[in-house]
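Naming follows writing order (A, B, C, D, E, F and G), and every chain is counted from residue 1.
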Amino acid sequence: MAKVNIKPLADRVLIEPVEAETKTASGIIIPDTAKEKPQKGKVVAVGPGTKDEAITVKVGDTVLYGKYAGTELKLDGSDYLMMRESDILAIV
Amino acid sequence: MAKVNIKPLADRVLIEPVEAETKTASGIIIPDTAKEKPQKGKVVAVGPGTKDEAITVKVGDTVLYGKYAGTELKLDGSDYLMMRESDILAIV
Amino acid sequence: MAKVNIKPLADRVLIEPVEAETKTASGIIIPDTAKEKPQKGKVVAVGPGTKDEAITVKVGDTVLYGKYAGTELKLDGSDYLMMRESDILAIV
Amino acid sequence: MAKVNIKPLADRVLIEPVEAETKTASGIIIPDTAKEKPQKGKVVAVGPGTKDEAITVKVGDTVLYGKYAGTELKLDGSDYLMMRESDILAIV
Amino acid sequence: MAKVNIKPLADRVLIEPVEAETKTASGIIIPDTAKEKPQKGKVVAVGPGTKDEAITVKVGDTVLYGKYAGTELKLDGSDYLMMRESDILAIV
Amino acid sequence: MAKVNIKPLADRVLIEPVEAETKTASGIIIPDTAKEKPQKGKVVAVGPGTKDEAITVKVGDTVLYGKYAGTELKLDGSDYLMMRESDILAIV
Amino acid sequence: MAKVNIKPLADRVLIEPVEAETKTASGIIIPDTAKEKPQKGKVVAVGPGTKDEAITVKVGDTVLYGKYAGTELKLDGSDYLMMRESDILAIV
């Protein structure tokens, strides 16, 4: 997980997607139909939250997210996803 | 019901669908038109709830849910559904 | 009205539809165009309500509801409808 | 105005439509384009209101309502409309 | 401005449209494209307002309103418009 | 800027559009694609605001607004736009 | 970054887009598919915020924003974007 110099605003979270594997360490297997766009990633930066929503995930957490969640960004050759925390389904 | 290492966020619930049978233990029969996608399952993990909504279902509860509720996930070869508690209709 | 072992969540109500008749006991006649899907039923189970909405109907009440209200469920060979109380029009 | 045994829920009102006339007692004339579906009626039953909205109309009031307001019900051979009070435009 | 016996509910206002002229007393000219349906009228009755919105206009005010605002009603041979006060743009 | 006798309601603002120029006094240039409908104007009348929103702009301010903002009105031969203050982008 | 004489209203922010480069100082690379419309810019003016939302970004901050965010404005020959702060993804 690369160190990135970026401060997400509000309830946004920056995620480094993890390549889909047949079987991951925690045993989660991303369904075949989602192979081309991984739904699992590492949190690399989190915003300060909003008045209404505190941020639950921490930098370093591995999270699952919906297939169409977030906006793609490129950083030092890697792909990242910027999404709202509400688009994150679970910590694994 | 397999033990899974996953922490749903907010008001989300992870459910292991139960195969549709002609007649279940509690007598609930899933209608024919819904046979290919069961609407009944076991709760295997629950989120902490939100400020506005506490979580009512508990791990181990058998629940009924709407036909199109939730996001599919695969775990150790089994299919799971991640959904918001508001998509759950009843505990049976 | 069969006894059913089901606990609706939140503001949901389980209803056993009553077959449309030409003239019911209370004198309510379901319009012809709605004959194939009755709009009158008995309440067989109610949820605990929500913080915002208490439940008004009780088990045993006969209620009228909108033609497209609710989700169909089968139980011991009978058809039921699970709907939110706000989809119920009146107690008759 | 017939006596009906029906208790509307929440902010709902049961209305007995009045046939469109060329000139009514209060002088209101329903526009020609609305002749086939009257927009004026007598209130025959009112709900208890909601936490947010008290009910303003009373049984016996003559009211005007929007052309597509409400759900049709038949009772002892007469047509009724069940609508939310917010669909009622005015008392005449 | 005729006297009418009608009590609008909530935040509704009854308006008697004024025929579009080339140049009105206050100098407001309704644009040509709106000639066939006047956008200016006299307030003839106002509702009591709602908990959230007090009524600002008074009976006798001349107001401007959006081209598609309100529901048409006929009264003693004249056309009226029933609209919510939020559909009124200005007092002239 | 003509004096107009009009009182906008709530959070509405009456604006006299300024013709698009190649380069304005404040240096703002309206993009070519918006030439046929200016996006800059003078405030000529403001409403009293609402409980939720006080009015920020004052009569005489020059403002920028979105291309499709507001309702067109004609007054003494000039075109005006009536819009909500939330449709105004900035004071220049 | 030019000095501009413009006061955004409410939670709006005026941004001077930065041309997309292969690799920026902070290492952020705008994805190829977004080359024709940069998603990175300098904040040149900020509104006072609203009752519900304080403004987080400051004049001089470099920010990332969604591909279709904001309204384009031209000023002294340069292109600017006026957007709500909620359309800004992060400070880099």
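As a working rule, a residue touches a chain if its C-beta (ideal position, glycine included) is under 8 Å from a C-beta of that chain, and two chains touch if they have at least 3 such contacts.
Worth saying up front: this structure is predicted, and the values here are computed from it rather than measured.
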item: Equivalent interface positions on subunit E and subunit F, same or different at half; value: different
item: Separation of mean Cα positions, subunit G and subunit E [Å, integer]; value: 43
item: Interchain centroid distance [CA atoms averaged], subunit B/subunit F, Å; value: 54
item: Averaged-CA centre spacing for the pair subunit E and subunit D, given as whole angstrom; value: 24
item: Sequence positions of subunit F contacting 2 or more other chains; value: none
item: Contact graph of the chains (line, ring, star, complete, other); value: ring
item: Cyclic chain order - from subunit C, heading first toward subunit D; value: C, D, E, F, G, A, B
item: Contact footprint of subunit B on subunit A as seen in their complex; value: 23, 26-31, 52, 56-57, 64, 66-67, 85-86, 88-92
item: Residues on subunit G engaged by subunit F in the complex (per definition of touch); value: 4-10, 12, 14, 45, 47-48, 51, 71-77, 82
